[in-house]
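Next, two complexes with chain A in common: one pairs it with chain B, the other with chain C.
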Partner chain A sequence: MTTVSTRPAPPAARAAVVRRRARRTPATWWRGGGAHTLVFLLPVLVIFGLFSWWPIVRSLVMSFQKTNLVTPAQWVGLANFEYVLHDPLLAVAVKNTLWFALLALVIGYPVPLLAAVLMSEVRRLKGLYSALAYLPVVVPPVVAVLLWKVFYDASPTGVFNTVLGWVGLGPFPWLQDQSTAMPSLVLAATWAGAGGTVIIYLAALLSVPPELYDAAEVDGAGIWRKVWHVTLPQLRGVLFITLILQVIGTAQVFLEPYLFTGGGPANSTVTVLLLIYRYAFENSLGGNYGAATALSLMLAVVLALFSALYFRLTRSWSA
Partner chain B sequence: MAERLAPPTRRRRPAAAPDRGAVSAADWRRPGVRITLSVTHVLLLVVLVVAGLGPMLLLAKFAVTPTQDILSSPMAVFPNGVRWENLGQAWNEVQVSRYFLNTVWLALGSWASQMVVATSGGYVLSVLRPRYGKVVEGMVLATMFIPAVVLLVPLYLTILDPPLLGRSLINSFWSVWLPAGASAFNVLLVRRFFDNLPREVFEAARVDGAGPYRLFWSVVLPMSKPILGVVSVFAVIASWKDFLWPLLVLKDPAIQPLSVRLPAIAGSTDLGVFLAALAIATLIPLALFLLFQRTFLSSAGLGGAVKG
Partner chain C sequence: MKSARRATALTVAGALALTLTACTSSGDDGATDADADGRITLRVVSLLPGSEQAAIDAFDAQVAEFEEANPDIDVVPEEYEWKATTFAAQLAGGTLPDVFEIPFTDAKTLIANGQLADMDAQLRTLPYADRFNPAILDAGTGEDGKVYAIPAKNVYGVGLHYRRDLFEKAGLDPDQPPTTWDEVRAAAKKIADANPGVAGYMQMSQNNTGGWQLTVNSYARGGRVQEVDGDGRATSTLDDPATVEALQWLHDMRWEDDSLGSNYLLDWGTINEAFAAGQVAMFTSGSDVYTSMVQTNGLDPEVYGLAALPLEGDDAGVLTGGTLAAVPAGASEEIKDAAIRWIDFFYTGKLVDEDRAVADAKTLTANDQPVGTPVLPMFDQAQYEQNQEWIKDYINVPLDQMTSYTDSMFDLPLVGEPSVKTQEVYALLDPVVQAVLTDEGADIPALLETANTQAQALLDQE
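Moving on, here comes the complex of A and B:
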C-alpha cells in the first residue's frame, strides 16, 4: 500500500510539489486539515509528554540534584553518583542481580527451546500442549509469587518438601537460606515466564521453510542432524532476541526479591532495582530521589547498550 | 513480528505447502522414531500438566481446604473435608470484593487510555501523515529504548505534583490510568496495522465527503477490530498484573487493587482464606485466557516483546 505514495513522481509533478511546499502558509495548513491532525495528535502529545518524555528529561536533571520535595532542588554535581558508588550494598546488589541473570540463563533459557522443539512435532492436541505451557503466564505475577511462597514452606510439611520427601529428598530450606534463596526465586520466575517464550519459539518454528528440511533429507540427514543444522540455525535470530530480552528483564528484577524475601536472608537477594526502590521509597526520613535516579540511569546506560543491540537484531531479523 | 497480525500477510507460506518440522513423514513411518517420539510426547504432556496445571489445581484445592490441613498435609486430598467458607470469607470479610472491583476499574481505565492514545496516534502517523509525523514517531519510538526503571522515580514525582494540574494525583485512579496510555509499543503496533489497510477505501470515503473524524470512527476503526482486540487483551492483562506502580501511587488501602492488597494482607489473614483470595484473583485472567485463547497464543510473541 505504502509503495504507491512513495513511488518517485515524474519530474514535472515533483517540481509542482516543490512549488506547493514553497507556498505553504498557516492558511493552507488550516485548510489542509492541519488543525484536525493536531486534535488527533493531542492524546499522544499530552500523555507521552507528561508521563514519558518529561520524566525521562527529569531523571537526567534529578540525578545531579538533591531533592526533598520541601526546599527547592539543589545542584550537587556528581554527589549522587558518588553516594551510590560508595554504598557497600551496591556491589552486593550488582553481584546478586548478575547471579539471578546467570541462573535464569542456565535454568530458564534452554527449557522453553527444548519444549518448543518437541511440541512442534506433536501431531494431535497441539493446542492443548501450548495452552498448558502458557497457563502459568496467565496467573498474575503477584499471585504466582505468593502461591510459590506457600509451596516453598521450609518445614517438612511444606508442599515442595512433601513432594520431594516421597523420593527421599530434603527437606530443603528454600527461601530461608542464603545459598538456596536465589535459585528458588529463579525457579519461580522461570515457571512464570517460560510459557511466553515457548509460544514465541513455536511461531518461529512455523516459519522455517520446509524446503530446507527436504533438502537436508536428500543429503541423508537424520532427525538430530536436521534439528542441529536446520532448525537451530533458522531460529538464530529469535534466540538472540529472547536472550537479550531476558537479560534486560532479569537486570530489572524486582517483584520476586521484593515479595519472596524482601532482599534477605542477609541481603542475599537484594537486587539493583530493590536498591533503587529502597533509596527512593523506603527511607523514613524522606526519599533519596537523587541517588535513586542516579542508580537508575547507570542501570539504564548498561541496558541501553543491550537495547540498541536488540533493536538492530529485530530490524535485520524481521526484514 | 507485528506484521504477522496484519491481514494481508497473515499466512506467510502458500496454503499448499504442508506444515512440517524436522521430522518427515518418512521418519514417522519408522517404528523406532514413532515409538520414541510418542513416548517423549506423552512425557512432555505429563510434565506440562504437572508444571502448568499442577500449581493451579493445588491453588484451587487450597482455596477450599481448612488451614490446618494445608499446613500439616498439603498434598492429601481433603483429609478433613472441604471448607467452602474460605471463599465467602475472602470475598466478604477480607474485602476481596472491594479490591477486585478496584482492579477491574483500574484495568478498564487503563484500557480506555491505551485505546485512545494508540488509535489516535496510529491514525495520525499512518493515515493523516503530517510533515512532523516522523519527528513524533521518532520520539515515541525512542521511549521504547528507555528501561521502565528510569521512569519510576521521576514519574512518581510528576504524579505527586503534575504540571498545569495544580493538585496531586496520588490516591487517584488517574495516577494509574494516564501513565498506562504512554505505551509506545501499542502506538507502533496499531500504526503498522493501519499501514496495511487499503488506501483506496480511505480515498473513496474522502470522495464521499468523510472528514478526518468520520474517516477515523466509521472507516478505520471498524476495519481494525483484530488489532484493537489484541491491544485490549494486552492492556487488561498488563493492568491486572501491575504491582509496583499502583503500590507507589495508591496509598489508600480502600482503592488499592488486588495485586497490591494481597501481599499486604498475607501476614494477617488465615492461610486458607488467603489462598481463596489468591484463587479469586486468578479467575478473571484465566477466564480471559480461555475465552481469547487464539488471540493470546497467536500474539504471545508480541507479549514477549512487551515484557522486556
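Moving on, here comes the complex of A and C:
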C-alpha cells in the first residue's frame, strides 16, 4: 500500500494540479471540456428537475394555496395547516400509523434478521433459500394484495381460517374487524418486504471476519452466543440503517391500507399517507390539494427531524 | 469555478425545462383537432374496464356504424369507470376523454367551477332537445340557464337485486321477493342459514358508496340526510330517526342473525362481483346495474331478480340519480360539434327515434348484450313505453324476473340525492356503516351525531 502513495503522480494528475492553480475563466472551462460535462449532465438534471425537484417545489408552494388545479390558485397563508391540525381524523391517522410502525417493528424487523442468520448457517442450497426469501419482493404488490385478500377471507372456508381450523384455531375476522385489520396488514407487508432486507443482512454477514467465530468457538460459545456476541455487534451499522429505513417506510405506509381495506373498517387502518390521499382525491369535485400538501410537508419535516435525532443519538454506537 | 459551472448547468437545464413545459402546454390551444385527412379525433367513454369481449365487440360495432355515418369523425373509445377518488385528478390532469360521464350530483359544481364546456348551442341542434324531462335536464344546467351536461346513459331508481337460485335453495319463492324490510331480514336469515358462507343481504360500505346506500335506506324509511332552505342554506340531518332505524336494522342482521356474510368492505364494483359470483343474495343498487353485471361480471341472467325497494313510513321515497354526458371546458367547437353527434348517436337518439332504437337493439342482441334493462324515462313515460314497444322483439333481459320492480317503477315517489357536498357527506357516513358492521357495541346515535356535526361544518364552509 505504501509504495503506491510514494510513486510520482501520473501526468494527468499533474496537469490537474496545474489547472487547479491557474485562474479559471469561462474560456478555460470551455477549453477544459466543461461543455461536455454539461451535455452529459443535462439529461439527469432535466429529468430530476422536472419529475423530482419541481414537484417538491410546487407542493411546497401549494401547501399555502387553495387550488382546484383548473382555476388560478389563491394564497391562503397557513389555513391549510390549520385545517389539517383541526381535522379529527389526523389524530386517528397518526395513532394508526404509529400502531402500524410498532407492529412492523415487533413482527417485521426481527424476521429478516432471523432468516438471514439461519440462512447463513445452512451449508447447502443457500442460493435456493435466498431466491425463496426474495421471491415475494418480485411479485407485483397489487397481485400480492389480491392473493392475500383471498387468504384473508373471513369466512370459515377462507384459506387461513381453514388451515388454522385444522389445529382448532379461529375462524378469525382478519381484515373485517377493527382490532385485527392492522396486524393483518403488517403480516402481509412483512411477507412482501422481508426479502429485500434479508439480502442486505446476508451481504453484511459475509463481511463478518470468520476469525471472530473461530475465537468464539474456542471460548466455548454455542450458536446463540455466537449470534449475540459476534454477529449482532458486527451488524449493528447495518441494523441501525435498516431500522431507520423501516421507520421512515412504515411512517409512509399507503399501499396496504389503500388496497386491502381503504382505511376501514371504520377508519381503523387510515394512515397519514392515506389521509393525504383522501384529502387530495376523495372528493370528485376537486380535492383539497392544499391540505394534502400541507400534511405531506408536516410528515416530511417530522421524519427529517426524527432521522437527524436518530443519527445524533446513535452516532457513538454505530461507528 | 465549480459553482459557476453548476450555475451554468442549472441555467441551461432550467431553460430546457421551460422549453419542455412550453411545448407540452401549447397542445391545449392547438388551432385544430383534425388530423391530416381532415378527420376529427373524438375520444369517448366506452365500457367499464374489464368488460367481456362480447360487450367490447358490440361497442366496436356501434363505433363503426357511427364512423360510417360520420366519416369526418374518428372515434377513439376509452374504458372508463367514474370513481370519486380518480375523477377530479383526471379532470384536472386533462386525461378524461372528450365525452365523459358524470353523476347528476356533481354537475352543478363542475359547471360553477368552469370545468365543463358549454354545450347549449350543440344540444339545441337536436330535434328532441325540448322534450327532455325538465327536472332531468336541469341537473346539467348552469346558473346562466345554459346546458353544460346532457342527460345520457341512464336515470335510475334504486331497486332490490336478488339471486333467484339462492332464494330457491332456502325454500323461498323467487317470484315473491320481499316487500318490507322485515321480510328482507327474514329472507336474508333463511338464505344465510341454508347457504353457509353466503351473505343473505349485504350493503355497500366503501369509497363513499356506504353513505350513498345508507341514504337509500334512510329515504326508504321516510328519512332525509340534508335539508336545503329557500336561500340555499343546507342543514345536515344525518341523525334522522329513519337513518338510526336503518343502521339498527343492519346491526341486528349482522349481530343477531349473522346473515351478512363475512366481507364488510364492499363498494359498487365489488358488491356487483360478489353478487354475480353468488356470494351475496340481496343488495340495493341502481335499477340498471344488471347491464354492467352481465357485461363485466359474467352474471347468469337465469338467476337474476329485481324487486321494488320496500318503502315504509311517511315521506318514504326511492333514491334516484343518473348519469350525464359532458365535455371538458376548453374543448374546441369542432370537438363539441362532434361530441353532440356522438351523444345523439350513442345515448339519446335511440330513445326517441324508431330506426335508431331498432338498429341499436339489433347490434346489441347480435353480440349477446342486454337490451331492455329497466331504467327511468329521460323524456316521459309515454316516450319510454313507445321505445319499449319499438324494441320489444329484441328485448333479451329477463323482464319477467323484474316485474316486482317494473310494475311499480312509475308509481313510486322519487327523491333525488342530497344536493350539497354529496360525496363528502357520503364519505363521512362510510365509517359509520363500517362501524355498525364490525363493532357489536357500536353506539349508532353517537356515531351519527358525530358525523352530523362534521357534515354541518362541511355545509357551512364556503
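As a convention for this text, the second predicted complex is superposed on the first by the 267 of 319 C-alpha atoms of A that agree within 3 Å, B and C clash if a C-alpha of one lies under 4 Å from a C-alpha of the other, contacts with A are read in each partner's own complex, and residues count from 1 in each chain.
Quick note on the criterion: contacts are C-beta pairs under 8 Å (C-beta built on N, C-alpha and C of every residue); 3 or more make two chains touch, one makes a residue touch a chain.
Values in this document were obtained by computation on a predicted structure and should not be read as measured data.
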Greater residue coverage of chain A in the superposed arrangement, chain B or chain C: B
Which superposed partner A:Thr37 touches (first chain B, second chain C, both, neither): both
First (chain B), second (chain C), both or neither touched by A:Val70: second
First (chain B), second (chain C), both or neither touched by A:Phe281: both
Touching partner for A:Pro88 - first (chain B), second (chain C), both, neither: second
First (chain B), second (chain C), both or neither touched by A:Ala27: neither
Touched partner set for A:Val167, first chain B, second chain C, both or neither: neither
Partner chain in contact with A:Tyr129 - chain B first, chain C second, else both or neither: first
First, second, both or neither for A:Asp177, with chain B first and chain C second: second
Touched partner set for A:Val218, first chain B, second chain C, both or neither: neither
Shared contact residues on chain A - chain B and chain C: 34, 37, 41-42, 45, 50, 54, 69, 153, 157-158, 277, 280-281, 287
Chain B contact footprint on chain A (complex, rising order): 1-2, 4-5, 33-34, 36-37, 40-45, 47-48, 50-56, 58-59, 62, 67, 69, 115, 117-122, 125, 127-144, 146-151, 153, 157-159, 162-163, 191, 193, 195-197, 199-200, 203, 205-210, 213-214, 217, 223, 226-227, 230-231, 242, 244-246, 248-249, 252, 254-255, 258-259, 273, 276-277, 280-281, 287, 289, 292-293, 296-297, 299-300, 303-304, 307-308, 310-311, 318
Touching residues (chain side chain A, partner chain C) in the complex: 24, 26, 29, 34, 37-38, 41-42, 45-46, 49-50, 54, 68-71, 88, 153-158, 173, 175-178, 261-262, 264-267, 277-278, 280-287
Chain B to chain A touching residues, read off their complex: 1, 3-4, 12-13, 17-24, 26-27, 33, 37, 40-41, 44-45, 48-49, 51-53, 55-56, 58-59, 62, 70-75, 113, 116-117, 120-121, 123-124, 128, 130, 136, 139-140, 143-158, 160, 162-163, 178-179, 181-182, 184, 187, 195-199, 211-213, 216, 237, 240-241, 243-244, 248, 258-259, 262-263, 266, 271, 274-275, 278, 281-282, 285-286, 288-289, 293, 296-298, 300-301, 303-305, 307-308
Contacting residues of chain C [partner chain A, same complex]: 1, 4-5, 8-10, 12-14, 16-17, 20, 82-89, 91-93, 103, 106, 109-110, 113-115, 196-197, 205-208, 261-265, 267, 329, 423-424, 427, 430-432, 434-435, 437-439, 454
